[in-house]
Amino acid sequence: MSEAFDILRRVTTATVTTMLLKKGIRHCWMKGAMPLAPGGGRVVGEAFTLRFVPVREDLATPESWGKPISTRAAIEAMPEGCIAVADAMGVATAGIFGDILVMRMAKRNVRALITDGVIRDKAGCLAANLPIWCQGTAAPASVNGLTFVGWNEPIACGGCAIFPGDVIVADDDGAVVIPQDLVEYVAAEGEEHERYESWVVSEVERGVQLPGLYPPDDEAKARYAAWKAKRS
Amino acid sequence: MSEAFDILRRVTTATVTTMLLKKGIRHCWMKGAMPLAPGGGRVVGEAFTLRFVPVREDLATPESWGKPISTRAAIEAMPEGCIAVADAMGVATAGIFGDILVMRMAKRNVRALITDGVIRDKAGCLAANLPIWCQGTAAPASVNGLTFVGWNEPIACGGCAIFPGDVIVADDDGAVVIPQDLVEYVAAEGEEHERYESWVVSEVERGVQLPGLYPPDDEAKARYAAWKAKRS
Amino acid sequence: MSEAFDILRRVTTATVTTMLLKKGIRHCWMKGAMPLAPGGGRVVGEAFTLRFVPVREDLATPESWGKPISTRAAIEAMPEGCIAVADAMGVATAGIFGDILVMRMAKRNVRALITDGVIRDKAGCLAANLPIWCQGTAAPASVNGLTFVGWNEPIACGGCAIFPGDVIVADDDGAVVIPQDLVEYVAAEGEEHERYESWVVSEVERGVQLPGLYPPDDEAKARYAAWKAKRS
Amino acid sequence: MSEAFDILRRVTTATVTTMLLKKGIRHCWMKGAMPLAPGGGRVVGEAFTLRFVPVREDLATPESWGKPISTRAAIEAMPEGCIAVADAMGVATAGIFGDILVMRMAKRNVRALITDGVIRDKAGCLAANLPIWCQGTAAPASVNGLTFVGWNEPIACGGCAIFPGDVIVADDDGAVVIPQDLVEYVAAEGEEHERYESWVVSEVERGVQLPGLYPPDDEAKARYAAWKAKRS
Amino acid sequence: MSEAFDILRRVTTATVTTMLLKKGIRHCWMKGAMPLAPGGGRVVGEAFTLRFVPVREDLATPESWGKPISTRAAIEAMPEGCIAVADAMGVATAGIFGDILVMRMAKRNVRALITDGVIRDKAGCLAANLPIWCQGTAAPASVNGLTFVGWNEPIACGGCAIFPGDVIVADDDGAVVIPQDLVEYVAAEGEEHERYESWVVSEVERGVQLPGLYPPDDEAKARYAAWKAKRS
Amino acid sequence: MSEAFDILRRVTTATVTTMLLKKGIRHCWMKGAMPLAPGGGRVVGEAFTLRFVPVREDLATPESWGKPISTRAAIEAMPEGCIAVADAMGVATAGIFGDILVMRMAKRNVRALITDGVIRDKAGCLAANLPIWCQGTAAPASVNGLTFVGWNEPIACGGCAIFPGDVIVADDDGAVVIPQDLVEYVAAEGEEHERYESWVVSEVERGVQLPGLYPPDDEAKARYAAWKAKRS
C-alpha cells in the first residue's frame, strides 16, 4: 500500500473523484472539510475515525474530558501516520478540538485532522503544525454542542461514509475518501490521468480548442501517445 | 421501572420536557420525529437504536439487505416492547423502512418506530398498525441515500443524543428522550405537574387571569392545595 | 376601518397579495405561518405583536413565567378582537404557547394567534377554539429555546416586518400583513378583483381559454362589463 | 408505450425507485413534490415541463401574465394526458398556479401537476379535480417571487433532471421520473417485484422472519416459485 | 454601450445596487458568487449564460464531455469580452469547471466566470488568470452532481434572473446584473453617486456627523454643489 | 469593571465560553460573526445594540436614511468605547453598513462592529480601521432586505440574546457575550484558566500525554501548583 500512497501524493483530489466516478462512486468528497491553511500541500493516510452525537447536558461537560471514552483517550489510540477523521454532524458552533489537543496529535505524528465540523483556538491550531481540514472556527468547546462517543467505528463525515481503514487524500480542493479495495486502482489510473491532463494543458496553452481534445478524439489520442512515447 | 412507565403514559411529552428542563436538560425533543398518524395516543418504552451513515455506492445496494449487518437482522434483535429509534441523519430523500419491515416489527411486538428521517410505502406502513414518528415519506429505499451500520450504539436523532436503554415517550407533540436515571424523577414530578395543570385549566375556564395563577403566587398555591385536598 | 374589515373577510389572502404587489409590496406573506386546523375560515384583525430572542440560560427559565415582562402579562394586555402575531425567529423546537395560554387568549376574545414558530400541547390548543397559524408543534416550552422580551414593538414574522396596528388577514393559504394606510385600498380593489375572478371561473367552466381572458383583452373586458351590469 | 403505462399504474413509486437503482439511477424522486390531497391514487404520464427563474421586478408583474411566454400560453400548449412538471427552484413563498389555471388544465385533460414549489388558492385547487403534487401552499402569485421563461425544456425539479418525454409516476410516496428508454424495463421488472412483495407480505403475516426471506435465500426462492406457479 | 462600460468600471457594485433600487429592482446581486481571488479589481461585460440541471446518472458521465451539448462546446461559442454566468443551482459539491476549461476561456479572451456554484482545481484556476466569482471549491467534476443542458438561455444565478445580453459588474462586494435597458441610466447616475460619496467621505474625515449629510439636507446640498463647482 | 475589561483582553473567547459553560450558559457565541480582517487582535466592550426587521418596500427605501429612527441617528447615539452589535437576522444579501457609516463609527471611537449579517464596501470598511465581525460582504444596502427599527433594545445576534450593557469579547475565534453580572467571575476564572493552559502547553511540548493532564489528576495538579509557585 505504501507505493500507492507515494503515487497518490502526486494525484489531485479532483482526479481521485473522477477515477471513483468511473467505478460508480459519487459520494467521496467531504462537504465542509476545507483546508484551514490553504496552500499547505496534499496529505495521504489511513482514516482513524472519531464519532460525536449531539450534546446531552448531563454528559457533555468539562468533567467528561477525564472519562475513559474521551477525545483525549482517542488521541492516545491514534497510530502514527493516520489521518483522524471526525464526524461532527456538520455542527459549526462547537470546536471539536483546540490547540492543546491538536499539539498532542502533532506530537504523536498524526498526519492530519479532518472534520465536517469546526475547530477552536484557531491561532494555536495553525501554530501546532498539524494540517487541518474543517468548516471553520468557533470559540466554544465540543461539549458545548456535542457528546463524544467513540473511535474507529463507521462514521458520516461531510455527506460521506468513512470506514476505519479507508484511505484519505486531502489538498486545496478538499478531502476525499477512497474505499480500501479501490486504492490500487485509483493510484494507477490517477497517475495516468494526471499525465494526460498535463499534456492537455500544454495543448490548451498553444491554442488548441477543447472539443476533440478533452476528452480526446482519435487524432488527439494519437498525438498524446506520440508525446508520451517521446517523454519516456 | 414498569410503574414509572405506567405513570408516563399519562404524562404529556410537553410536561416531560419541562421536568427535564428543571434538571438542566434542554436537548430531549427529537426534531423531525412527528406522528405519521396523529391522534394515535402516547407510547412509552426503552430505546433500541439503529444507526445509518451516508450512502456509499459500493455498499448501499439492494444486495446489502441480505448481509449480517442489515436492517433485517436488526429487527430480529429487537426485544418485545422496545421503541426502535433510528438515526437517519435527518435525510428526507430515502425511506429507512417500508411496509414489509414495519409489518415484521409489529409482528415482533415492537412498540413504535421513531426516526429523524422518513419512511416509504406510506399506505402499507399505516396499515401495519405500528405507531411511527418520522419526518415524512419518500419513495426511495434506504440504500438510495443511506448505509446501515449497526444497532444498540449511541446515536443522534433529531438533534438529541440517544443511548440504548434511555426511555422514550412520544405523542402528538412529538418524541422525547429521558436519560435512564431521570425516569423515576420525571414520572413522579410529571404526574404532579399534570394534576396542577388540570386545576389551572379549570381556573382559566372560570375566567381567572394568568399572572399569579401560572406560575402560582401564594394565594393560588393555597387554593390549589385546597382543591387537591378535596379531591383525594 | 370596520367596513374595510367586513369586506376583507370576503377577500382571499391570495388576492390581498396581488393588490399589494400593485403597490410594489412583495413582502407581505408570512412564511411558516400556516393554519393548525385548515378549513377553519378567514380571520381579519389588527396586529398585536410579541417578540422573542434566543434562549439565554440564566433568563429563560420556568421562573421567568412569573416576571412582569412575560407571555402571561402580554396576554392580559391584548385588546379584544386583535390578532396576536409572535416573532419566534422561525424556531421550530420550542412551542411559544401551550393550551393554557391559548385558552386564556380565547377567553379574552383574541381573534387569532399567528407565529413563524410552533405551539405545544397540540390537542389542547385545537380544543381551545382559538384559530392558530404556525409552523407546527413541538413539546418543549418557549423557555427551552427562546426568551420573551416584549410586546407591541415592530417585529419580524416569517420574513415580513409587522408593525403594531398593521392589519392581518389569514386563511387556508396562510397569513398576510397589510400596512395600515393601504387597508382601504386593498379592501376596495380586492373586492372588485374577487368579482372579476368569479366571472373568469364561470368562463373557464364553459371552456374559454386563458390567453385573452386572464388578464382580459378588450373583448373580454366588454363581456365582463356586460356580466357585471346584468348582476347589479 | 400505453401498455407500459397500464402496468405502471399498478406499480408503486417505491418499487419504481428500486428498479431504477438496479440501473444505477439514484436521482429519480422529486424532493418536495408530495400529494396535495393524499389518498387520491397513482398517476402515470409523459412529462410536459415548465421553467421559472427568480423574480426580476421589471419582468415579473401582473402585466406579464398577458405576454406570449406566459404560464397561460404554456397551459394551452399542453397535450391531453400529459403530466405538467414545473421547476420552481423549490421556492415556497410564491404559488406557481392558482385555482383558475388549475381549472383550465383540468378542462384540457392534463393528468396532473407536479412541482417542487407551491400552489395558491388551495381550496379552489382541491375543488378543480386535478391531482397536484407540490411542497405546499402560499398566498402570493408566481410573479411575487418567480419569472416564467418557457416550456418543454430540460428542467430541474426537486433535485432531479426532467427531460420532455420522460415518464412520471406519482402516488402517496411522491413523484418519480423514469428516463424514456427505461420505461419498458421498469414496467416489466416492477410488475414482477410487486408480485414478489405481495408474497413476502403473506409470509410476514404468517410469522416468517425477514433474514432469508427478503431478499430471498434459495429455500425462499423455491417457495415463492411454487406460490407463483399455483397462482397462474 | 462601450462608453457606459468604461464608466461602470469606475462604479462600485454597491452603488449599482442602489441605483437599481431606485428603479424598484431589489434582485440584482448574485448570492454565493464571491471573488475567488479578492483584490483583483472590477470587471464589466455582457452575460453569456450556461445552464445546469441536477445529475442524472445515465447522462452525467465523463463520456458526456464529448457530446455536442457540453461545457466544452459552450466555451467555444463564447464571444470575446463576454462574462460567462453559470446557473449551478447553488450546488456546492461539484465544481462546474476545472483548470483546463478555465485556461481555454482565458485563451478565448472571456472576461470572467461567474457562478452560484463552485469550481475545482483551485490552484490551476488561480494560475489561469481568468477572474472567477464563485461559492468556493470542490474536488468533484460537474458530472458528479450536475447535467449541462445548454447556453444562452435565461437562467437563475444566486437568486437573480439573468438574461443573455444583461450586463454584469463584479468586484470585491460580489457580482450584480443590470437589465440591458437600464445600463445607460445606471452608468450616468452611478458616476454622479460615486462623486457625491467621495465628497461625503471627505466631510466625515473632517468630523461632520451623518444626519443631514448622508442623505444631504439643503445646507449639505449647497456645500456639495460648491465643492463640485470648484472641482470642475 | 474597567479592571475586568483589562483582564478580559488577555482571555481568549474560547476560554470565556468554557467559563460560562460552568455557569450553565451554552448560548454565548454568535454564529456568523467572524473577523472581517483576521489577526487583528481581541476587543472588549459594552454592547450597544441595533435592531433590523425584514424589508417592507414602503419603508425600507433610500429616503428612510434621513428619518429620526435611522442607522445614522443610531451611530450618533453610540458612546465612546462601546461595541455596536447589530441583529440582522442572519441576512446575508444586504450589507447593514458601508464604508461611510463605518468611518463615522471609527471617528466616534466606537470600538468594534459585530453582526450576524454582512457589510458592504468591503475595501472601504477595511480601510476605515474599525474592527468588524460579520458573516461576509454583499453589495446591496440594508434597505434592500432590511428595515431598521431601533437601538438599545434586547436583540438576537447569531443565535444569542444580547441585552444592552452585556459585555462583548471578540477575537479570531469569533464573538461572545457575557451577561453583565458574570463579568467579574469570567475575568477572574478566565485568567487562572489561561495560566493553567499555558502550563499544559509546556507539558505537551515535552511529550506528556493528555489523559491525567488535561483535565489534571492529582499528580498533575501538584506539578502545576509547583510551577505556579515558582513563577510568582
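A, B, C, D, E and F are the chain letters, set down in written order, and residue numbers restart from 1 in every chain.
The working rule: contacts are C-beta pairs under 8 Å (C-beta built on N, C-alpha and C of every residue); 3 or more make two chains touch, one makes a residue touch a chain.
Fair warning: this is a prediction, and the values are worked out from it, not measured in the lab.
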Review point. So which chains count as neighbours of both subunit A and subunit F?
Key: E
Revision key, fill the gap. If chain centres are mean C-alpha positions, then the most distant from subunit C is chain A
Practice item. Could you check which of C-F, A-F or A-B has the same interface as E-F, with more than half of the contact pairs identical by residue number? Key: A-F
Revision key, fill the gap. If chain centres are mean C-alpha positions, then the most distant from subunit D is chain F
Check your understanding: Using the average of all C-alpha atoms in each chain as its centre, how far is it in Å between subunit A and subunit D?
Key -> 38
Point to revise | Inter-chain centre distance, subunit D versus subunit E - centres from mean C-alpha coordinates, in Å | key: 36
Revision key, fill the gap. Per the C-alpha means, the centres of subunit B and subunit C lie apart by a whole-Å value of 32
Study note, to complete from the structure: Here the gap between subunit D and subunit F, centre to centre from mean Cα coordinates and rounded to Å, is 49
**Study point:** Residues of subunit A whose C-beta touches two or more other chains
**Key:** 24, 26, 55, 159
Revision key, fill the gap. Listed by label, touching pairs are A-B, A-E, A-F, B-C, B-D, C-D, C-F, D-E, E-F
**Study point:** Contact footprint of subunit D on subunit E as seen in their complex
**Key:** 23-27, 53-60, 89, 147, 149-150, 153-156, 159-162, 179, 182
Review point. For subunit C, which residues count as touching subunit B in their complex?
Key: 55, 61-63, 65-66, 70, 72-73, 75-76, 92-93, 95, 98-101, 103-104, 107, 120-123, 136-141, 143-145
Exercise for review: Spell out the part of subunit C that touches subunit D in their complex, as residue ranges.
Suggested key: 12-14, 16-18, 21-22, 26, 28-29, 31, 34, 38, 159, 172-174, 176, 197, 200-201, 204-205, 207, 209-211, 214-215, 217
